[in-house]
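As structure tokens, here come the structures.
What follows is subunit A paired twice: with subunit B in the first complex and subunit C in the second.
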Partner chain A sequence: MFSSFMTNAWLSGTIVAILAGVVGFFVVLRAASFAAHAIPNGAFAGAAGANLVGLNPLFGLISFAIVAALSIGATSRRSRSDVATALSLVLMLALGAAFLTLSTEYEPAINALLFGEILGVSSSQLLPVLLLAVLCVVAILALYRPLVFTSVAPDLAAAKGVNATFVEISFLLVLALATALTVPIVGALLTFSLMIGPPAAARLLSKHPARALTLSITLALATVWASIACSFEFNLPIGFFVGTFGAVLYLCARVSHARRAVRSVA
Partner chain B sequence: MHWLFEPGLFSNHTVRTALLVGLIAALVSAVVGVFTVLRGQSFAGHALTDVATAGGAGAFLAGVAPIIGFVGGGVLGAGAMDAIGVQRVKGRDIATGVVLGAATGLSALFLYLSATSSASTGATQMILFGSIFTVQPSTLPVVAILSGVVLLTIAFIARPLLLSSLSIELAATRGVRVRVVGLVFMVTLAVSVGLSAIVIGSILSTALLIGPPASALKVVNRFWLGAAIAVVLGIGATWAGIVFAYDSYYWIPSHRALPVSFFVVAFVVVEFAFFSVVHRRRRGRPATAIEDSSHHVETQWH
Partner chain C sequence: MTTRASLDAPTDILNVKDMEVAIDGRVILRDVDFRIGASEFTGLIGSNGSGKTTLFQVILGLRPTVAGTVSFHGQPLARRNRSIGYVPQKVLFDPEMPLRARDLVALGVDGHRYGLRRRSRAVLADIEEMLTAVDADGFADRRVGELSGGEQQRVLIAHALISRPELLLLDEPLANLDPGSAQEIIGLLHRVATDNRVAVLLSAHEMNPLLPVMDRVVYVANGRVASGTTDEVVRPDVLSALYGHHVDVLRVHGRVLVVASSSDEDDRMVSEHPDVVVK
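Showing the complex of A and B:
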């Protein structure tokens, strides 16, 4: 399990977990799950397109993720945000379907993009992933106060002159970048699970933002490490374990939260 | 018209089945979709297609009829979302997200197992992207019957559902059991997207559920008129998409037809853009769109 060919899997998994723990915490806080689901899928279409024209898939991932983030951010101010997100999502997916039809890529390559291939991460992939992840975390920390403020008390933040649109668009861009990084490693579908399950559980377990954020990172790390170990042990896709552990964590947090609520009433 | 309708278009059995299935799916999606958009449940509507897909992948693996997996998976997912708390606006996003995350994990497992255990390739694409051209005529009766059940259920709960979609407080004071109505709607939504996911794929399922109703609600403020416009827009986009996809075989030198979903989604998005522009042009006049007028409920809906 800890042999040399697994080193990159452990390293990249750790980077992705920290990133998802940080970014996902704000996804949960801002109720932006739909955007967090739509952007990785849009990015998947970008990777398929880059494959078609022979570019590095990372370019396709990043550019499509940014386009998805901007279109969600720009249209959501004018109409219902969930409608805008849904339409951006299906448009990206349809483009992805068209790219896949045109390319001669065979099925395993597509499955890898959708479900991730953490064992296939090469050492040359690792450095750009690390740099971009650091960039994302730094951006989130720089935005920390306005992000929490506009999420928790939007009216007060507006009254204090915080530019909510700017904060929202910046956040979506960070989400896009984080997504583009995690898609090739854990896959488009599971990037999402990792950003929702552990942070949602953390938020139930602690009310204090900084403590919940730390807990979110810890739970995401635990999820990824346990998933890599199980995936190796049982020879099943890592995505299955990430999705299941995330949901189980959330359920446990719900139960403990409900118990505490009962106790505080009694 | 020869440039539009390539040779053999209408004598082709596959195309005829596709046009019929597309008609049913677009009709049901538009009617259910109007409520989905009004209630702000687009995310749940989309997530349920992915949950249904997980059920479909499971059925594929177990060798059960896929339709049981799709519809059963969707209904289970709807129940789980409701149990976690899809009813409260605040918890809705997380409830949907957690169920979706778990379901994608299951999808990953089922697709992996079916890819390794059977020799059949293309299961992933078939389930995820679906194709209206691969619908077997034998599934038509089941689809038609379930669609009928969905439409009847919606007709039955339309008034309380509409009222509780526009104002939960008002509906509650009028004796509507908001929670029950919400749950019935979620299950209906699950059956409807499960159906459309199996016949037209999960991309198109969301596109037809959200796009045409959102377009229609941009320009009209009467519910049934909005539903009627949505139905027309949905069927129009679907049929145009089928014709273009069929024709596209002749466009590309390598004779690779582009997917139907690509064309249908393109038409749906163009419709939405067009209606958004119309809406913005009319904005100078008094606002009457449904989305802004929950306080008009009394005067407009009774």
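Showing the complex of A and C:
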């Protein structure tokens, strides 16, 4: 499981876990989980399209994820975005399906994109993933306080003169980039669970914002490492384990939170 | 409409002159004239939907005016004026949000700043002091979303005051509180505002709880305002002119009752306005 052939899997899994732990924390805090579900579908369509025309899939992933993120941002400022997000979600999935059918390498490609193929990460892919991940984390740290402020109390942030539109668009761009990096590794359908499960559990376990963020990263790392190990051991797609562990983590945190609430009342 | 000439006294921090505001082409407020002096406690009194929140948005620089001027220390209003603190009417906090009361107060110091800079000892001490000033020590480490309405109100006041504003705007802070909590918040506000030398503009649909602390009143009705001291504004002639029909003002046991003559139109007004009593 720790042979050189697996090195890239562990490295890329670690990068993606940290990224999902950081970005996902704000997805949960901003209640933007619907966007976090829609953007991976955009990324999926982009990768499928790039595959079809023979471009680097990372290029397709990033460009389509950004288009998806910006269109969600543009519609959500005007109205409640549920319908717009849902429609772009299915449109993207449909596009991806069409692109994949048109290309020759149908089945392995669709499996890798939808459910993840961590063993397929090559050394040449690793460096750009690392650089873009660092860029995302640095951007989030730079935005940290206004991002927390606009997430928890948008009215107060506006009164303090925080430019909510700038913060929102910057965050969606980071979310798009993070999604584009995560999709090839855990898959379009399950990127969502890595971005939501560990952070949602973390915010129930700690009431301290910075500690909850740290815990979110820790839980995401634990989820990914355990998933890689299980995927290797049982020869099942990694996405299956990421989705399952994410849900189990959240359930445990929920139970612990509820028990603490009962104790504080008693 | 003003009952007292709007003098540009050197102590004035906010001056509103002949202001008109419209939302989507519909005029909400017109001919608005009033001033707020340093460290004064002003009540903004009017029924729901009379335009009080709109007026706050204008003062915060979040909504443009159609006509007139709004000046802060004699200068036109700028967006991002950190000398104005704001407590909105209703802030919905998710009870599961990882944010303690003290974290919300801290965001009042640096929530608008980009980058990560450690909070200095002086800032942390300031946060502690402000939490104590609003009697929030007992719940400073609890999640904001789990606090009661009155507790959240205190934390929001601390959040707004921590950046040392000269003017504090509070939008209906008493609306969702029981009478006891409302009295506590008013007493606390008066004390903290006096200690910190902050002027307060507080909106409410009922003026009686504010009578002991109010220096001036801005009374909103029919899209217009009357302003001055309580004695200057809460008078039959002034309020009759504002409402556009005859009203009487009764003073009973230290309470003020604004009494309108009975008609269908006034019955509607009474239900929206607890200060107005049908004869």
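We adopt the following convention: the second predicted complex is superposed on the first by the 266 of 266 C-alpha atoms of A that agree within 3 Å, B and C clash if a C-alpha of one lies under 4 Å from a C-alpha of the other, contacts with A are read in each partner's own complex, and residues count from 1 in each chain.
The criterion applied here is as follows: a residue touches a chain if its C-beta (ideal position, glycine included) is under 8 Å from a C-beta of that chain, and two chains touch if they have at least 3 such contacts.
Computed from a predicted structure; not experimentally measured.
Chemist: Which partner, subunit B or subunit C, touches the larger number of subunit A residues?
Modeler: Counting contacted residues of subunit A, the larger count belongs to B.
Chemist: Can A:Gly13 be said to touch subunit B (first), subunit C (second), both, or neither?
Modeler: neither
Chemist: I'd like to know which partner A:Leu29 touches here: subunit B for first, subunit C for second, both or neither.
Modeler: It touches subunit C, and subunit B stays clear.
Chemist: Under the stated touch criterion, which partner chain does A:Pro184 make contact with: subunit B (first), subunit C (second), both, or neither?
Modeler: Touch partners of A:Pro184: none, neither subunit B nor subunit C.
Chemist: Quick one: is A:Gly21 in contact with subunit B, with subunit C, with both, or with neither? Answer first, second, both or neither.
Modeler: After superposing on A, A:Gly21 lies clear of both subunit B and subunit C.
Chemist: Pick one for A:Pro40: touches subunit B only (first), subunit C only (second), both, or neither.
Modeler: neither
Chemist: I'd like to know which partner A:Pro198 touches here: subunit B for first, subunit C for second, both or neither.
Modeler: Neither partner.
Chemist: Which subunit A residues are contacted by subunit C in one complex and by subunit B in the other?
Modeler: On subunit A, the residues that contact subunit B in one structure and subunit C in the other are 31.
Chemist: In their complex, what parts of subunit B are in touch with subunit A?
Modeler: Contacts found on subunit B: 37, 40-43, 45-47, 84, 90, 93-94, 96-109, 111-112, 115, 121-122, 124-125, 128-129, 203-204, 206-207, 210-211, 214, 218, 252, 256-259, 261-262, 264-266, 268-269, 272, 276, 291.
Chemist: Show which residues of subunit C lie in contact with subunit A when the two form their complex.
Modeler: Its residues touching subunit A are 60, 62, 79-82, 84-86, 88, 91, 93-94, 96-100, 103-104, 107-108, 110-116, 141-144, 156, 159, 163.
Chemist: For a test of understanding, state which residues of subunit A touch subunit B in their complex under the given definition.
Modeler: 28, 31-34, 36-37, 78-80, 82-83, 85-87, 89-91, 93-95, 97-98, 100-102, 107, 110-111, 114-115, 187, 189-190, 192-193, 196-197, 200, 236-237, 239-244, 246-247, 250, 254
Chemist: Over in the complex, which subunit A residues touch subunit C? Could you list them?
Modeler: 29, 31, 141-146, 148-149, 152-153, 155-162, 202-204, 206-209, 211-212, 257
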